[in-house]
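Note that chain A is present in both complexes that follow, paired respectively with chain B and with chain C.
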Partner chain A sequence: MTETLLEVNDLNVAFRLASANLTVSSDVSFSVDRGKVLGLIGESGSGKTVTSKAILRLLPKNASLEAKAIRFKGRDISTLTEAEFNRLRGTELAMIFQDPVGSFNPVKTIGWHFRTVGKLHRGAGAPRGEIMKEAKEVLAKADIADPENALRKYPHQMSGGMLQRCLIALVMFSKPSLIVADEPTTNLDNLVERQILDLFDKLRRETDASFIFITHDMTIAEMISDSVIVMYAGQIVEQGPTEALMRRPQHPYTQGLVRTARELEGEVETLTEISGEIGTGVHPENRCRFAPRCPLYEKACDHAIALRPVEGHGLVRCIKAGQGAANEVTP
Partner chain B sequence: MPSSLKYFLTRLSGSLVTMLVGTIVVFLVMKAAPGDPALIVLGDYATDETVAAFNRKHGLDAPLMAQYLDWLGGLVRFDFGQSLSVSAGENIGDLLLYRLPNTIFVGVYAILIAVTLSLVLGTLAALNRGTTVDTSATSLAVLGVSMPDFWFGYMLILGLSIGLGWFPSYGFTPPSDSLAGAFYSGFLPALAIAAPMAAVFTRTLRTALIENLDREHVMVAKAMGHSGRFRFLHHVFRNSLIPYITVVGLQIRYLLGGVVIIERIFGINGVGSLMVEAAFARDFFVVQACAVVFLGIVLAVNYVVDLICAMLDPRRVR
Partner chain C sequence: MSGLLDFHDVVVTFAASAGMMSRLRGRTTSFNAVDHVSLSVARGEILGIVGESGSGKTTICKAALGLHSVAGGAVTLDGKPARLSDGTLQMVFQDPLSSLNPRQTIAEAIAIPLRLHGHAGRGSMAEAIDALLKDVGLGAQFRNRFPHELSGGQLQRAAIARALATNPRVLFADEAVSKLDVSVRAQILNLLKRLRDSHDLTIVFVTHDLHVARFLCDRIAIMYFGKLLEFGPTRAVYADPKHPYTQELLGTLDHERKSVASTRDVFNPLTDDRRACRYLNRCPHAMAACAERHPDFRGTGPGHATACYLYEEAET
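Then we have the complex of A and B:
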């Protein structure tokens, strides 16, 4: 029996700039089930990071956020005051960032980070020995070989991979229900990336936490997530269970991504690329946003395209989806 | 912690070498300065014999190297020799001992004013970036660096002493006589020295705070649920202290330059005014002693600042 943990309803994020208002997230709706992993996919500029930061209200001051509702554990959290919302951060909603080195205060030890987070969420009266004991346990769970030693270290004395483990441990330390991981392996080399992904895989099995896993790598999304959302230019273009989406992608953009991922696995000579570049954030209302790059573009695409369910798949934002235009992608 | 101990010792030996080189420079510059001390003390009509006797008495006829070593040997024992003309025959060490507390008092007073002002203004400016508060604080800082301290000193006298009559325009009560009196009579000179420093400190702090506000770990701390106060104190302000304290340490040399002038303007019996008087009277030994004292203060302060920064920034000690 699956239970919905987070439900986002028509989320819109815009940035006020000197020149214009830039919409980076338009009418984004999705939900995350308890204990499940949602993969959020898209290239740079597609709005995936902004969308996830919006959930934790971590956007800069010049960003405006609107949503019909953001329901967490059945409660609408979009109407909470900042003080009320802050009580959810760390304990219920948490985030892991791209750059593990920059995520720690460089002049404080790893132990300091655990101690202050521990005090914050367990109360100032919590015995220090107890906090540090739990910190060591959670570090061990994150595959840190010598937790005692790691707690004494300063960030600059550790590698990126080790720091990402420490950061994951620090986030797990407060046992949040939903963890947003924003490309947590992008800054790491391949071997370490694989180890960190294995760690995520282990954690999702051992805890009942849900994850939103942001990545631009289809292969990673396939490996780690139960369902996938593909974003393009601030919109969801396709959304569905991972397996179906990977085997029979419906949207031309998703098809391009999947094909490239398959080609990478198959070690082909040349990669098929999706030609062109993602737009600037100002999009004509009466045209499919992917149209300028779409191989299937035709006159009928020149109006606002809605996200619609396609039989046997999830939701797709393409007029041709389900009409036989989408072919199975084979390696 | 052997690595940090090693760092402290390396820095200490570096400071001592700098001190040694500094004494050579001070000595040579004073030797190259125009004016024969014997003629100044004895007068233009002194005979060759009396001049020779004077030079012999003060060791001025010895070779340069011997004179330097003799002087250096005295310094190590805190024996600065005797004054030639400013306070003829008096032990320079005693002169300094009497005057140094006044200079240190005014200097520390000025730093306290500058630090207090800059902490308030710099923080306000950084937290209200781009607003009127920021612009006002930044403009005030630009005004501060643009004003020469001697000019500002006179303006303070004009406005607050002569105009409003709040403070004495001249004279200084030594802290040994009355601490309250020293704070009161030392306020204007300290403020005059503090103004340009406060401006530099404010700008340094503002820049450091703004830079640290945008750091990823501050956002991570927010995502962890840490309050704005916690993030500012432990992530932003704490990390900004490193460049801030470094700059405070570097400004000490300008502070001493300011002290020399301000002590003359406000009639403070300090090392700065002593140095000026001695220079006019060609009292080389006193000028040398004052220069060495200033050099020692600068090096000592820089050393302490380095130790503080090393404690604040673990990346610096390897």
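Then we have the complex of A and C:
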């Protein structure tokens, strides 16, 4: 039986700017089951990072957050005080950022980071030897060949891939139930990217933690996630189980992304283009946000489009979803 | 071997930053970011240089353009040393926003090379700018915009238009699509392919994205820590990679994950033996000979060569 770990209801995030309020995430609702991986796909400006940072309350000061409820293990965490939330973050909820270098203190050793996290979560009296023993175990799990040696090193003495693995180990060290990974492989080389993906795959099988894996790469999302959410211009445009979504994407935007990904895997002369670019700023309320780029656009799209269920698939924000079988994307 | 653009045994040396004491004692360490690379680029082809960070793929392009000085060997265009001032070699960078002057409009940015190289005079300037913008798929309305008013894809188009202004024969594109959003990437890739045909361009495309390289490039060259390890027609290399490194690299494309990426340490140019094969520490086929000398190239198919002792020297 699956158990819902996180449930987000109608999350809205806006940034207060000098000129106006800019909505960057509108009416986002989703849930993550225990032990599952949710892939969150979108381009820059789609609201994917803002949405996940909102859950961890990591938004900048000028952001305002509204949500009907954010339930974690059945408890509404959107109403917690700052002090209560601080206890949750790090122990239960954790985040892995894109840039591992910026996540470490450059003048402290890797071991110092483990000691600090260990004291924070196990109380100041926790025996040091025990913390270090556990640190070595978790580093070994993250495929660090010589944990003893790694603990003595400073961040600049390690390669990007090693450091990212240390960061993942540090996050796993406090045994969180939900880990948000924000493009953890984007700046890495192919082989290192593959190592990190392999590591995530191993971790999801060995722990019962849930992951929200943020990426802009369809292929990576397909490899790693159980279900997928596609965001465009601050809205969820499609969500469903990974296999159904990749095989028969229903939203024209998802179709474009999947088609390009498939074409790059195969051999073609020209790639299918999604014309135009993602808009920034204020989106008109009375029109589908993808309309300016949509190949299927027609007059009927000129109103606010709601997410609606498509049988055997998931939710799609398109009035044409579920019509006919012409949506199949063949590799 | 002679193509349009030839790299003859090119060496680019960087000095490694040493501590102050060793610098005072006159001890400095250096390493070859590009280590005796010979490569030929045929007219009208798109050559992909594929490698990880630190492989020297960007450095070798910058050496061709004179942005790095060459410590050994030579780069020739049509058999003669390339004249760097005549605009026949141009480069498009990864980040278009930082490669365009924020206080210049797009038209001004394109006008400067047009004027300097005498491709357009006072009377024909507006027309020449519009033609270049049209070539890259930008409308005339972009002429008077500033870089910050353009989106990522539009900026990269503008940067390409500016590079085309000098009427180059070879265009170097350094990770030109890796900062772009996925839905825009396809547009720019298609554009580069179109420009190759319409402008009689030869393109050297530097990337670490194996999918992109397969789509765009006619031939690819694999680099690893300054050494060229393998080159050949894209299709042949992807179908049957010869070098163990290429095999590992292309193994990452495998969806079923039959191959497991090794987590062993990579080559360290400052501490490891530089005479040995760069891939020695990670190679599953390492032999005694690999530690003594970096292997020379051996033919491993039509137009396909690999620097690895696994293959016979005489075979062509």
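Criterion: the second predicted complex is superposed on the first by the 326 of 331 C-alpha atoms of A that agree within 3 Å, B and C clash if a C-alpha of one lies under 4 Å from a C-alpha of the other, contacts with A are read in each partner's own complex, and residues count from 1 in each chain.
Following the convention adopted for this analysis, a residue touches a chain if its C-beta (ideal position, glycine included) is under 8 Å from a C-beta of that chain, and two chains touch if they have at least 3 such contacts.
If you're wondering where the values come from, they're calculated on a predicted model, not measured in any experiment.
Engineer: Which holds for A:216: it touches chain B only (first), chain C only (second), both, or neither?
Structural biologist: Only chain C; A:216 stays clear of chain B.
Engineer: In the superposed arrangement, does A:86 touch chain B (first), chain C (second), both or neither?
Structural biologist: first
Engineer: Just checking: does A:198 make contact with chain B only, chain C only, both, or neither of them? Give me first, second, both or neither.
Structural biologist: So A:198 only meets chain C here.
Engineer: Which partner chains sit in contact with A:170 here, chain B, chain C, both or neither? Use first/second/both/neither.
Structural biologist: Touch status of A:170: first partner only.
Engineer: After lining up the shared chain so the two structures overlap, which partner does A:103 touch, if you call chain B first and chain C second: first, second, both or neither?
Structural biologist: first
Engineer: Once the structures are superposed on A, label A:56 by its partner contacts, choosing first (chain B), second (chain C), both or neither.
Structural biologist: The first partner, chain B, only.
Engineer: A:124 in the overlay: touching chain B, chain C, both, or neither? Say first, second, both or neither.
Structural biologist: Neither partner.
Engineer: Looking at chain A, does chain B or chain C touch a larger number of its residues?
Structural biologist: Residues of chain A touched, chain B against chain C: more for C.
Engineer: Looking at the overlay, what does A:154 touch: chain B (first), chain C (second), both, or neither?
Structural biologist: A:154 contacts chain B only, not chain C.
Engineer: Along chain C, where are the residues that touch chain A in the complex?
Structural biologist: 52-53, 151-154, 181-187, 189-190, 193, 208, 210-212, 214-215, 235, 248-249, 251-253, 255, 257, 260-266
Engineer: Tell me, which parts of chain B touch chain A in their complex?
Structural biologist: Those in contact with chain A are residues 215-217, 219-227, 230, 234-235, 238-239, 242, 312-315.
Engineer: Chain C touches which residues of chain A in the complex?
Structural biologist: Residues of chain A touching chain C: 43-44, 143, 145, 159-160, 189-195, 198, 201, 216-219, 223, 253, 256-257, 260, 263-265, 267-268, 270-275, 277-278, 280, 293.
Engineer: In their shared complex, at which residues does chain A touch chain B?
Structural biologist: Within the complex, chain A contacts chain B at residues 56, 58, 86-91, 94-95, 97, 99, 102-108, 116-117, 120-121, 154, 156, 167, 170-171, 174.
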